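Listed below are the structures to be examined.
Below, chain A partners chain B and then partners chain C, in two separate complexes.
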Partner chain A sequence: MRVIEYISKENTKNWLEKLDAKNDVFLPVQDLQEARIGFLDYKEFKKLVQQSKESPEKRYVINHREKTALSPKYIFFPETEKLFDFEYLKDIENPEKVELRLGAAEKTESSGRIILFGLKPCDAEGISRLDRVFGEGDKKDNYYMEKRKNSLLISIGCNTPFPDCFCTLVGGSPFNFENADIGMVEVNDGYAIVKISDDAKDLISENREYFDKDIDKTAIEEEIEKIIKSSAEKIGHTWEDLPREEISKIMDESIGSGIWDQITKKCISCGACTYVCPTCYCFNIRDEQKGLQGQRYRSWDYCMNSYYTLEASGHNPRPDKSLRYRNKVNCKYNYNIKRHGHIYCVGCGRCIEVCPVSMDIREAVKTVIDNRQQASD
Partner chain B sequence: MTIENKLKEKIDEIMGDLELLVGYSPSALPLKVNPAFIEKKEETGSLVFNKMCINNLASYIYDLSKSVKGTIGIVLKPCDTRSIIQLASEELIDLKKIKMIVPGCSGVLDYKKIQKHVGGEKIISCKLDGESLAIETISQKHELKAGDFYADKCYWCQVHDNPAHFDEFIENDQKLDIEPREKYADIDAIEGKSIDEIMQYWDEQFSNCIRCYACRNICPLEICRDRCITNLDEPYWQSQRINTEEGKFFQLIRVLHLAGRCTECGECERACPRDIPLSKLMKKSAQITEKLFEYKTGEEPDKKPPFLTFKDVEKNIKEENLS
Partner chain C sequence: MKDENSYLPEIATVKKIIKETPAIVSLQLVIDDEEKRNDFSFEPGQVGQLSVFGFGESTFVINSSPSNKDHLQFSIMKAGVNTTALHNLTEGEKVGLRAPLGNWFPYQKMEGKNIIFIGGGIGLAPLRPLIMYMLENKDKYKDLTLLAAAKTPDDFCFATDIETWEKSKDMKVIMTIDTACDMWGKEVGLCPNVLESMKPSPENTIAITCGPPIMIKYTLEVLLKLGFAEDMIYTTLERRMKCGIGKCGRCNIGDKFVCVDGPVFSLKELNQIPEPFM
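Our next item is the complex of A and B:
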């Protein structure tokens, strides 16, 4: 991996401060008291630090090493989004005439760009998957694209992955900066910058003073090689474990085999896994009207919900959890490969972590693959 | 002999009478176990029973009792039996179909408490050796005392080695050995605050709710799951919006739904991916119903729960005080 720039940790703070002046910077913040880790607007973070009475530096810290509880998708695709207001206007003279007036679409207030700092490579990968869903083809999702087009992703590689990480199994890597605008590796007492996209060049060129001039690039590169090697060893899963050419076909064949009943025995069919997933993109749209006025909202929806497929007739094509979970896994390892050319799972492991009954998508996929091999033996 | 081996021995003995056995099997992840569903005698070797078995397997029993024809054996901690008894007292399950296999319990560890102690960082390895608990996150190592990290319910447990109801009880040589705590201490602490402060506390908590309904679906008593009113279109009781107000509203419906039913297993709080302290709400509601109706949930299978019956005069509810 070629080192382009190097910035010390101390200067990273100054750099962030500078970026924040012109843009909306989001970064992973750990609240040590409440034990929560999540992406937060840097301005919000500074406000919290100011407000907290007892030693704020001990309560709130920026921590990109840990995984945030929710994936950062909600910055571009919020849990609930008002699409527009509407109002019915009645004409007293002519009661049959009703006019519908639509309010303007919600505009994001941000003037500058949205910068996500300290994003995990898998989360950057997740956002790139959503880009395909919301931004490919001739029907684009303006609400998503409006926020996304003015955004930059600054990704930091994972020197130490977690036991539930499996990015390497689905084609990623802890140092995959393909989808990041700036790729960084934590090394020694700072960060080596190994990728800069054209869009992000000004973030560095305008802040040259923070980046070290005299650095021994070869030494850092050697150090990075070591880090990459030890990180990959810790994850263990590799791309070769998954028959990528065939996975779609294997999934297709699993339908009707009864294997899904076996896999989902312990599943409780809640939505925790889908809501923390960086690539799940389903939503529901509703008009919520009081009197003559109302709003149209869209909110996250989840395919493990019985109402997700309930038809107006009362028939539900997915009446139980095995069919719902089958859809969930197929959506990621089958349907979206056909639709968008990628596995819609980035291996972040959040679904494994939050599941109260220890469902493990790795095991599910493996069971399906093994089951087919057994059947053909 | 360890309790795990004794339990396996007992299960092997009765497995022939069972169509399905629900128990615990090990998980690859630190501090967690897997619910296991076993149909064949040869598979019982994978069962475990240890201090990580915090899950209440009674969560599965309602659905299973509908789909399984024969007898279902289920491994329950003594406290978990309350959920089964409550379901039976509401005539939602048939006790004759269920074999409660109850090992004595020496307490279970709450991994969320441990995670909270280490600032919310992910635990990548854990070693429990007697009372010492060695935890590792990617940035730190901790040597902890297991006694501080038991599930809340363990600290006031009265039934760990004497469950009121069971089909098979297996004595555990290792007894629950922790300093008991006052059950309602956390409730009292909240109630000592002003209404504004209390509301602020809950607003902060519910600002994290993502409405995934893990709390509802894991609850052994909430058998409504797919028929929940929050999903209804007609009438449209609850907005689909995911925010603080709607999260709170849903949870209050849940609390009322479980008043006089909740057996305080704490599964809702454990399942919550956003760590909302739901047990506090459930505990408060249990405290009220216990006092008003002199009824303790999950203890008597033949006693009608207060909200499933009707009395002309309620002893502890004075009508003149209602206004």
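Our next item is the complex of A and C:
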């Protein structure tokens, strides 16, 4: 990996401060009291830090080493988002006459860009998956695209992956910066910058003073090689190779088999796995009305919910949880390969971590593959 | 700005309401914006999303003739929250409309062929614009046959149309009800059974069916039994839909979305999807 720039940790803080002046910077913040970690607006973070000076039991720190509880997808695709307002206008002179007015959700006034700092390569990959869903096809999703097209992703590689990480199984790696605008590796007391996209060049060129001039690139590159090697050893696979070329076909063949009943037995259809998933994109649309005014919202939805496909007539094309879980796994390891050319699982492992009944998507996929092999033996 | 936003509906006015059956009304809508109204065109089989703001948005097929520039017609069976709100509308009230969405019947590929339409209940709605188009362009098509099925004589949607078509020399019409009742001089029996006894020849013939899921299921079986090839059978499917533009995820059958890859599918296309569509 070729080192382009180097920035010390001290200077990274200054750099972020500078970036935040002109842009909306989001970064992974940990609440030390509750141990929760999530992406937060830098301005919000500074406010919390300020407040915590008054109540010292509360402390907030930037922590890009651990996984955030939720993927950062909500910065571009919020859990709940207003699509537009509607209003019925009554004519007092002529009460029979009611006019209807619609207004698109006003854009937030910000001339700057959205910058995600310190997101993991798997999360950057997750965002690239959503880009395909919302940006491809005849009709685009302008709510997502408006935010996304004006954004930059600054990714930091994972020196210490977690036991439930499996990015390498689905074609990623802890140092995959393909989807990042700036790729960084934590070395010694700073970060080596190994990728800079054209769009992100100005983030560095306008802040040259923070980047070290005299660095021994060869020494840092050697250090990075060591880090990559030790990181690879820590990736916790329960099994080695996913037949990525064939997986779609294997999944297709499993659809009529009873294997899904067996795989789904434990599942309680709570949907936590989809809530934390960086690539799940399903949503519901609902109206909220009070008096003559209201809003249409969209909010995250999940295919494990029996209401998800329930039609007004009472007909439900996926009445059993095994059919719903089968859909979920196939959506990721089959259908979206056909639709968008990629596995819609980036191996972040969050679904494994949050599942209250210890379902493991790796196990589900492996069971399908093993079942097929057994059948052909 | 409006053009960029795929979720923002046009406002349309309900010009006329027709009570089709005890549970079904047809709404004739006119788009308020003059330019949008004049530019609007659609193909037979395409759908639209109707909103009653505050209640929600649901998908219905546009069932007026594509050549009809006066209004767009939608037929709604009262089933849930939004359909009830649509039933409660009065003439002159406003709704939201996002249309046209989805694909359509490949009517050009069907030229020079016999067509048999098989519609059950409100399932006749998606067939109506195609029937009307084909009747308007009868010289391009061979024999047209309609098998219309309903639970009782009162449950036929578009009764006036069926009556007109019956009288027309351009289409043969067969009507059937599920169980016998007085004053009914026509066929009695479930749609697939009546179809089987009709023994339509599959020779150069395309079959197009829509109805409740259970009817479609058995009708497709009968058509195959009668010797119709999978690519000569078309149906149009329903799923719960929200966005209508292939984003929200819920109307998928395998890797296909009913809202953008459908709602019209040939049986051949459906059988290539690994997830069963029924």
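Definition applied: the second predicted complex is superposed on the first by the 354 of 377 C-alpha atoms of A that agree within 3 Å, B and C clash if a C-alpha of one lies under 4 Å from a C-alpha of the other, contacts with A are read in each partner's own complex, and residues count from 1 in each chain.
In this text, a contact is a pair of C-beta atoms (placed from the backbone, for glycine too) under 8 Å apart; a residue touches a chain by one contact, two chains touch by 3 or more.
Predicted, not measured: the structure shown is a model, and the values here were computed from it.
Upon superposition of the two complexes on chain A, no clash is found between chain B and chain C, which fit side by side. After overlaying the two complexes on the shared chain, residue contacts for A:Arg286 are found with chain B and with chain C alike.
Shared-chain residue A:His315: touches chain C; no touch with chain B.
In the superposition on chain A, A:Phe162 makes contact with chain B only, not with chain C.
Applying the stated contact rule after C-alpha superposition, one finds that A:Gly137 touches chain C and leaves chain B untouched. Shared-chain residue A:Gly112: touches no atom of chain B or chain C.
With chain A as the corner point and C-alpha centres for all three chains, the angle toward chain B and chain C works out to 90 degrees, nearest 10. Contacts of A:Lys266 after superposition: chain B is touched, whereas chain C is not reached.
Look at A:Ile255: by the touch rule set out above, it reaches chain C but stays clear of chain B. Between chain B and chain C in the chain A overlay, the least Cα distance found is 6 Å.
Residues 284, 286 of chain A lie in contact with chain B in one complex and with chain C in the other. Of all the residues in chain C, the ones that touch chain A in their complex are 1-2, 4-9, 11, 51, 53-58, 77, 79-83, 92-94, 96, 212-213, 238-240, 242-243, 245-250, 252-255, 260, 274-277.
Contact residues on chain A toward chain B in their complex (touch as defined above): 30-32, 34-37, 65-67, 69-70, 79-80, 160, 162-164, 265-266, 268-272, 274-276, 284, 286, 288, 297, 299-300, 302, 305-307, 352-354, 356-358, 360. Of all residues in chain A, those touching chain C in their complex are 83-84, 86, 88, 96, 98-100, 102, 104, 133-134, 137-143, 251-253, 255, 281-287, 289, 294, 296, 298, 301, 303, 308-313, 315, 317, 327, 330-331, 334-336, 338-339. Of all residues in chain B, only 27-30, 32-37, 55, 59-60, 115-122, 124-125, 138-139, 208, 210-214, 216-218, 225-226, 231, 239-243, 267, 270-271, 273-275 touch chain A in the complex they form.
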